[in-house]
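Look at the two complexes coming up: chain A is in both, with chain B in one and chain C in the other.
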Partner chain A sequence: MRPMVQGAAIWLVALVLAWSLPGALWRPIPPPPFPTHALLPAGLAVSILALAAPLLAWLGGPRLASRRSLALLEAPPDLLWAGALLACWPASWGPPGQVGWLVAFLAAALPGEVRWLSAALPGEMPFPVAWGPEVVRRARRLALARLTTRWLAARLPIWLTASLVLERLLGVPGLGMDWMDRVVGRDRVGLAAWVAALALLWLLSRPLDAEAVS
Partner chain B sequence: MKWRLAFLLALALPDLPLDPFRGGLAASFWHPLGVDDLGRDALLRLLLAGARSVGFASACALLALGLALFLAWHGRRWRGALSALRSLPPVLFLLPLAAAAGGIGATALLLLLGLLLAPHLEPPLRVKLDAFRQSPAWAAERTLGATPASTLRRWAPWGLAQAAVLFPSAWLGALWGEATLSTLGLGPGPDHDSLGRLLLEHLPRLATDPSPLGWGALILVLALAWSASGSASPKCE
Partner chain C sequence: MRNHLTALTLVFLSALAPAWAQMVEESLPRDPGPLDFIRGDSYEQWILQSLAGDALVGLGPAGQVVPRLAASWKIQKDGAIAFTLRDDARFADGSPVTAGDVLWTLAEIRRDPKASPTKRVFLEGVEARNQGGLVWVRSPKPPGRLLLELARMPVAQKDHPDRGSGPFSYRKDPAAWTFIRREHFLKPAVDGIRFRLLPDANAVLQALQRGWLTVGGPPARHLPEVPATHRVIIQPMHAQLVVWSRAGAGPLRLLERWRRDAFPPHLLGQNARPSRGLWPETLGFEARTIESATQPPRAPAILRLQYVAGEESLEKLLLALRERARKEGYDLQLIPAEQALLVDRLQRADFELACSMVVFDPHPWAVLEYLEPGGPMNFTGWHHPRFAALAAAARLPGDPAWRALHTLWARNPAALPMLDFRSVIWVDKRLNVEPSPLGLYLGTPGAAGWRWNK
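Right after this comes the complex of A and B.
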């Protein structure tokens, strides 16, 4: 109970800081509108990630976590994927836009998430391997079903960071930029809403944290 | 770990001399990657920027690991607070802060990155230190009345060896944190030349006006990422 109270206190302090964010704009402007146009691409990206990563982890199992090729794909930072996309994108096609952002986002996030989920799967030697492939598949499915909600809650802030970096580099306004714009524009209400959303994600990912410690 | 720490010396290297009247030269025998707009040899600049980025990340990782060791040893009571701090990725916190402040200086960035990375390194260190705390060796030390100084002398090398295993993860977190901020134009100013700074200058025109310096910076980023991919655990974004 005590760790929960401490964490809640930290988020409360963050909320108070967001509400009383110091500084003011030289020329006050209304807060930027919420980028509702970015909800669909963001939802699509998260949906693809939420389906593809568990599916690949289910197919590959815990062995994927130690696969060298996956580690090499996971290693580069988000900015490298955006840089490579910018360098290879034909100028005649116009700016990369949402499609480019989606491609770069999936390239940056998918290998790491597959590896993360594979590493979280329980070992399979000698059991359930000894009981046959069907039991192995079922064990993986049950473990992933138990993990998925908390994995999403724990990883969403990481994806928001990746999204923010890619949006800034590719010039595509989205949810990551919104978080940043509210700080820069001193929109205290909007920022407090963001902090509350991040606190909620922390709350949803808590059991995962507790299991990792034990 | 040792080769990364050697790059700390690069932080003390002087800047390359500027010669704007000789800028923008194409690649030649004496300048294999050409000369940048301000007259600096592109290959030398790439090597210096890479070395400084690695040195900066090493300094940051050392600070983060020192703090993480302290938290792992003394921060058991603050487990909940540390968990909340871990849930916010360092770059997600630093980018708006830098944008609101109009950029972050190199020293401030080093301290902030060290502070923000430490809670991420604390859990694996705590697991190792807890195993030691529950061991008969630790109980014997306490029963026989060893002084804190003698305990520290005997066990510090072991503690440092445990922390050193996490060095590549901390190093990658610091390297990408600084590179991301600099690439987005929110890192330290032009006096702190780094890989991120090179990418900031060359990425926007890489497709239309491909410069060897821009491609070189991208390849160096990839090489550094792969150099630690075998030893680093999950990214500390």
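Right after this comes the complex of A and C.
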């Protein structure tokens, strides 16, 4: 009960901060419209990530977390992935658009998420490795089944809001840009709605935590 | 069978025809929101409205008032203006533009509490009515100013705030704002214009270099080599970097001296020039100097200047200014602030010196925002007993009252421009455009006057 109260208090403070964000505009302008067209690409990106990351973690196991190759892939910031994509994208194809954004997003997010999941998997030496590959796969599957939902709840807000750099560089309006536009435009109601939506996500993930503790 | 195949091919090709249209590819730095002639209010929204709509009058490349929806107008003795509408203007659905539509647009802007705040200010105290088919408008403001402000108010079809009569029809695509040429009295020549959202200046540069943009502004801080496909166009702008002083005219006298030689040309680039006068020369004002008797603070002294953080080129210029101040023994302390926080401090008068970029409306009355009690740029509570009478006497640009107003300000200024900005853009060599202080879009004919080279 206590963690619940503490968490709720933090979200309440975030809501109050969003509502009372200081600052003013030269001339009041209407807030930007919510980018509904970005929901489908964002949903697609999150779905691919939600499937690919657990699958790769299942295939690689906990040892994947300490692989240098994965760390190398994880190290470059979003900016570098977007820059590399723009540099490699043939000019005759036109701007990279949503497809390019999806590729850069997965390249930037997937290695980190795979390592996050792999590091959370239980050790396999000496057991269940001693019992054979069949048991290892089953053990990983069961562990990932427990992990995946909480992982989604913990990481989803970050994926939805942290794609700002990619969106700006590739010129694809999305959810990250929307969040930042509301800060710049002092759309306190819109910001509060964002905080409330993320708080709701946290609230929905609480029963999963309780189950894991018991 | 062969005929069927030919017919099918023709149908297929005709469906593809819009994709072949030679579109002008452009970018917008911010999401303008849905096209709305009543509520839309931002620079990007003005661009959308100028393409999809027509105001009663337009502004020519030199800033002069030219006919648009109104074929002619007559200024009456009492200051009212009677507009005669042209008969060949049509909305996007084909219906003619009538006086009823004009009056509905003006009334809706005044009625709707969410209407554009800028347009609501333009229409304060305005009366409008249909007088035998003519649109009759009267305002407490001088008719010259009213005409120039009406040029920024495109007319929407009655009960359709998103429908205008402009030279292009508007279509919102998932990640683009697309305008297609239509039958119009301005006779637009390019097939269409497509805007993508590119908030990052480096992304604009990348897109220009790749040939994905026909028109675009490269980053200000360093001008890379222009691609062979594009040419550079430099347009004057009604934009300045202005410093406000709550410490009187003394610090401004120092800044007036320093601005002459503080900024190295390689830092200014093509985008900026040191300002010379007190009010923008692009609006027709002569370059005057401060005539205040207030003495500047004696060195050594500390001056605290707040500015908008995050603009690298501006920060470098301010560092150069700080070095210039140091030469005379002054410590110019630069205090960065986020844009909205700085505006808040300006409005609360919580500053000693503060600077920000100001974009003026394209008419001389725009400078009165410095002087009017409660004016949007009067952050220091500037006032003078003669101001009201002189402002009322400035009925047309160039009236003698302007010179008197200028003198009042020169004797007791509260703000000083440091830099005059210019717009540097790259334009595809195949496209002919007409530069203007209003930019490429907001004038008349604006984008309707663009032509592809054959």
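Before moving on, here are some points about what is shown:
We adopt the following convention: the second predicted complex is superposed on the first by the 191 of 214 C-alpha atoms of A that agree within 3 Å, B and C clash if a C-alpha of one lies under 4 Å from a C-alpha of the other, contacts with A are read in each partner's own complex, and residues count from 1 in each chain.
Definition applied: a contact is a pair of C-beta atoms (placed from the backbone, for glycine too) under 8 Å apart; a residue touches a chain by one contact, two chains touch by 3 or more.
Fair warning: this is a prediction, and the values are worked out from it, not measured in the lab.
After overlaying the two complexes on the shared chain, residue contacts for A:Leu59 are found with neither chain B nor chain C. Once the two complexes are overlaid on the shared chain, A:Leu51 sits clear of chain B and of chain C alike. In the superposed model, A:Val189 lies in contact with neither chain B nor chain C. Using the contact criterion defined above for the overlaid structures, shared-chain residue A:His37 touches chain C, although it does not reach chain B. After overlaying the two complexes on the shared chain, residue contacts for A:Ala130 are found with neither chain B nor chain C. In the superposed model, A:Gln98 lies in contact with chain C only, and not with chain B. Of the two partner chains placed around the shared chain by superposition, neither chain B nor chain C is touched by A:Ala145. The partner of chain A that touches more of its residues, comparing chain B with chain C, is B. In the superposition on chain A, contact of A:Ile29 is made with chain C only, not with chain B.
In the superposition on chain A, A:Arg168 contacts both chain B and chain C.
In the superposition on chain A, the residues of chain A contacted by chain B and by chain C overlap at 23, 86, 91, 168-169, 184. The touching residues of chain C, when paired with chain A in their complex, are 27, 30-31, 33-34, 39-42, 114, 117-118, 174-175, 196-200, 202-203, 206-207, 210-212, 338-341, 343-344, 347, 376.
Listed in rising order, the residues of chain A touching chain B in the complex are 2-11, 23, 68, 71-72, 74-80, 83-84, 86-91, 112, 115-116, 119, 154, 157-158, 160-162, 164-165, 168-169, 179-180, 182-184, 198, 201-202, 205-206, 209, 212-213.
Only residues 22-30, 32-33, 35, 37, 86, 91, 94-95, 97-98, 168-173, 177, 181, 184, 186 of chain A touch chain C when the two sit together in their complex. Against chain A, the residues of chain B that register as touching in their complex are 78-81, 83-85, 87-89, 91-92, 95-97, 99-100, 123, 172, 176, 179-180, 183-184, 196, 199, 203-204, 206-208, 210, 214-215, 218, 221-222, 225-226, 228-230, 232, 234-235, 237.
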